[in-house]
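If you scroll down you'll find the structure; I have some questions about it.
Chain nomenclature is as follows: A, B, C and D, assigned in order of appearance, with residue numbering initiated at 1 for each chain independently.
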């Protein structure tokens, strides 16, 4: 299943977790719980020591995952071992991709993208790789037949938007607000604005909105504003963090994750009904 | 290309290094900044450079002198000249860049300044420039650095800046830069990020170098007027590399002049595999090609590409990366990367203090650690950039000198008995 | 007589003030010094002044800038210009004199330097000059001052000087001067006493003024070039009066320029009869004619003639006497003696720091306390000498600001919670 | 009895004490003890807050005397009350003289010298008043018929020596060594040198040597080198200081002072016999 087609008639629910947070084992169970919870695409973070695009919640997750021993090779193993149906997107920073060396000592994007594709990854989001620097990564993804998802920010002007859409595949990651990842308590007014601007471009790419979505209600409003999907990270990671702190059993945490996933998914569906009542 | 006449910001690449590896949300700001850099800085639009030059003179104290170090010259049988950036307002070369960027932010219509700081020198310079130009300013600083550079924390507060402690990781410059980028990602529309060295995404490495190039332009001319001709070697300590690039820039085309970037060797080279820590900050000497904080350059990383914690007795050199242009100049052989360890730097600190009457920053002291061991290979006439003064380091020097047994140091017991500073 | 061309040391009298009230054992040294002063300083024998000027430029960082204080100018609707002696090497105007005297001692064949210090600024300047010129150096400093100016104690030690604590009396500048005179009485044959202000027996008041006159010579010319004409008023803080005299000297003949010597009003004027302490250091404003430390001048004394303990939040102004020439200029009406109290000085400190990005010494801060209250009477264009930077005062400022509730200060709790500096 | 004639055939013993140290009462007893111990002239210090010519011992005495409430008016009273035969010399610093105001509000040297002469003072030593500044004081002394003693230092060159001798009266205070007052454990080689130089001048003034004399032996050697008298301060003040510290009874301290005085006086006589054996 290709990424684009994971966005079907219904709005997509795209959860994020950091692989290996707070341990390899628990993390596996959590990703699988999201799958059960109705995820349409899962963004699985490969932790990098300098996550400049992340807020405190995901930074902490990255620290936990690194401490649990997560590395790029182990990440690939982790993906291979996962028992999920949902397409997986690898979210990481460019240096890890750039440094990667495979067994035959092939290095860089080409090596990593192929290894990841082999393991089952279907796309990439690389927050510190703007269109200006994306050529090698784009080429590797094309070669491996996987997607490279671009991020569109509220600050992205029309000229940039055009270039961005031209190289993005799978979906477009619409950053809902300024700043870094992190669950906020409101919905940014700029999301609707960005979505409206995107509608003026001739693209078939689904538009998934992330940054600051934490409840079913948020999801509903975002989809109501025209999004094709909602990306939710920090709100889920919060559950993982609390579980790690209180040493809650993995199963219980997984169940909470699945619950929130269901709420978010339901919210998204709700939102779609508001815009396109005729379709139901 | 000649290094002396630039009219374009270029493409931000230095060989393979450089670039703009930042979140999309920041890209428009970098485009805007590149445009402003070309117009105001490179083309003096609206008289920007005239105003900057005047303020650097009247507020900053430029030109800084070039003076002969009589006793070191005798000691090494080599003519040693000191370029005195320690006399710049704020006590380090940092103001050249900070004032330039804050003024540029004003020309760009920005309303707020953020900055990161390691030693606190860039933070204080930025806070001073912001006070001077009436711009609100927030500075991110690692908790470890806050502890070892307290006077600078206080100075920033006095200048009206907020100081935001960064507690992630080891709490040094690397984490402070990451955190400032996060602030900027949130506030980019009305805020300018005054980066403190020739690092980060394009146009920062070029622009910061350009603001600091005044150091070498002055030094080159002063040397010619006071001594005649060109020096044989030019030395500067290198952390991120701003004073290094500033000190080298005007000499880059002078093939007869050897250029030495002196890094912090810390307590040893290489990376400790067990702890994942580099007990040094020698990214030019021991780092490898990678991407950090928006640029491809030489960095300290583990085989997977995770950035390792660096170390140096001097907070201002304690950084896992280095400017991309400097990395390129090392690869092409134009600049020699060298390093000295913490103890040699401390000895250099004491030597300059008690033989020349100049108390250098611990960062600067590395260059004097290097010349002590290598003066025979440097030719007859050497210029060393005194990138900053050591007032901010007194506490560290008391502690480290007492615990490391530095031969040429005054007795530290007195101060320990006084209960420190 | 014009103040600008001097070829003779004069008789050491300023009206009734001045003279040489010292033990006979020192008189021959004063004669020798007067002779050396005339020959080397006033007549440039052996190129002394050429060498001094060169070293002040290359080692000291002269000329120091004159810069407009934009935000203060706006605040006061008066053009305020800052003469930036804080940028001189060492962080205060003191090096002008210290380097001059240490170099003179060298020309005179002396082998050792002694000095007293209050704030530690003269001590550090002397220690730096002595290191630079390879002269052994001992500095006497009161125990109270040692405690409130620790960074400077440490800097002197780093520059290779011995620091001798003086425990007599309250342990401030007055006692330190007396003690240095005692050392000198013992060692006068091979030792030069580098006095730190325009005080003491002839030729010190003239000679020290002459070394500092470079401040006003530069400022007068800079003002004319940058602004045009002459300022209406010139302000400088006054302790012993060295920066005051240096800042005024070239303007003495310019009748249109008002000269204000700003003294430390401490916590109140007058002498507390019970404690015998003057809670101020305002000898020009409140002192009476007397003899102290070798000269007749205005001093703080009780009716019997015992010198009373002075007080100021700034160690460098905390002195019961003042230079005889300054006392004379006050009597003749050429200089207006004014004063501000500790709190106004602290507020001035914070104001300059957060509006102009210049952290002044607490001494200097008094001048900014004065201008705040009196700007309407100062004319349209005012020059203030920033005699030093405040890095040495951070600890005192934290404590005093917290305990005195200064309105415009940043919150000090943060630093107290950090455990101070 | 004039000061000059206090130096008779025998070498003179000139002790110094600070008036009021450690209390007005005790100090009176101590001065009287020195009188009993054979003093020929007594230098009585009027304490000044900045005694720049004194070493630590006399500085401390000055502090004690000031704390005991000694002031210029009380000093005059003190002198008036003293029950001694020996001529008294007032040793003080110029500012106290300069500030003095008498009842009729006459001020300065003139007023003080006359008031002191009235009280019984026969001469002055003012360590911070070199010949250059001495005119007003000299005039006042001449007018009041008392002496102004000049100090000659080891550094005093021949030109200065001439001017010094010309204005000195009573005796010449020969400073034995560089530095400030204070009891040393040796005899400075420079004393003999200064005395030899003084012999070349045509002056009848007695030469009393001070600075660093603490034992009979020192006194003997100083007189042996040609001095007409020995001035002893710190060694005596030491006894007063120890008495004050240990709260010894005034009588006991006074007796110790008288004993040391006798030792010093005997030493001086011994010294004279060595140079002029024929005279005995």
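The definition used in the following text is that a contact is a pair of C-beta atoms (placed from the backbone, for glycine too) under 8 Å apart; a residue touches a chain by one contact, two chains touch by 3 or more.
Please read all numbers here as calculations on a predicted model, not as lab measurements.
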* Structure fact -> Drop chain B from consideration and the touch-connected groups become A | C, D
* Asked: Taking each chain's centre as the mean position of its Cα atoms, how many Å separate chain B from chain D?
  -> 65
* Asked: Measuring from the mean C-alpha position of chain C to the mean C-alpha position of chain D, what distance in angstrom results?
  -> 37
* Asked: How far is the middle of chain A from the middle of chain D, if each middle is the mean of its Cα atoms, in Å?
  -> 96
* Structure fact -> The positions of chain C in contact with two or more other chains are none
* Multi-partner residues of chain A (each touching 2 or more other chains) -> none
* Asked: In graph terms, nodes being chains and edges touches, is this line, ring, star, complete or other?
  -> line
* Asked: Inside the complex, what are the residues of chain B that reach chain C?
  -> 55, 57-61, 64-68, 70-71, 84, 87-89, 91, 127-132, 134, 146, 150-151, 153-155, 157-160, 226, 350, 353-359, 390-391, 394-395, 397-398, 410, 414-415, 418, 420-421
* Structure fact -> The chain C residues in contact with chain D across the complex are 19-29, 168-169, 174, 178, 181-182, 185-189, 290-294, 296, 299, 301, 303-308
* Spell out the part of chain D that touches chain C in their complex, as residue ranges. => 48-55, 59, 63, 66, 71-73, 93-101, 127-133, 150-157, 160, 164, 175, 178-180
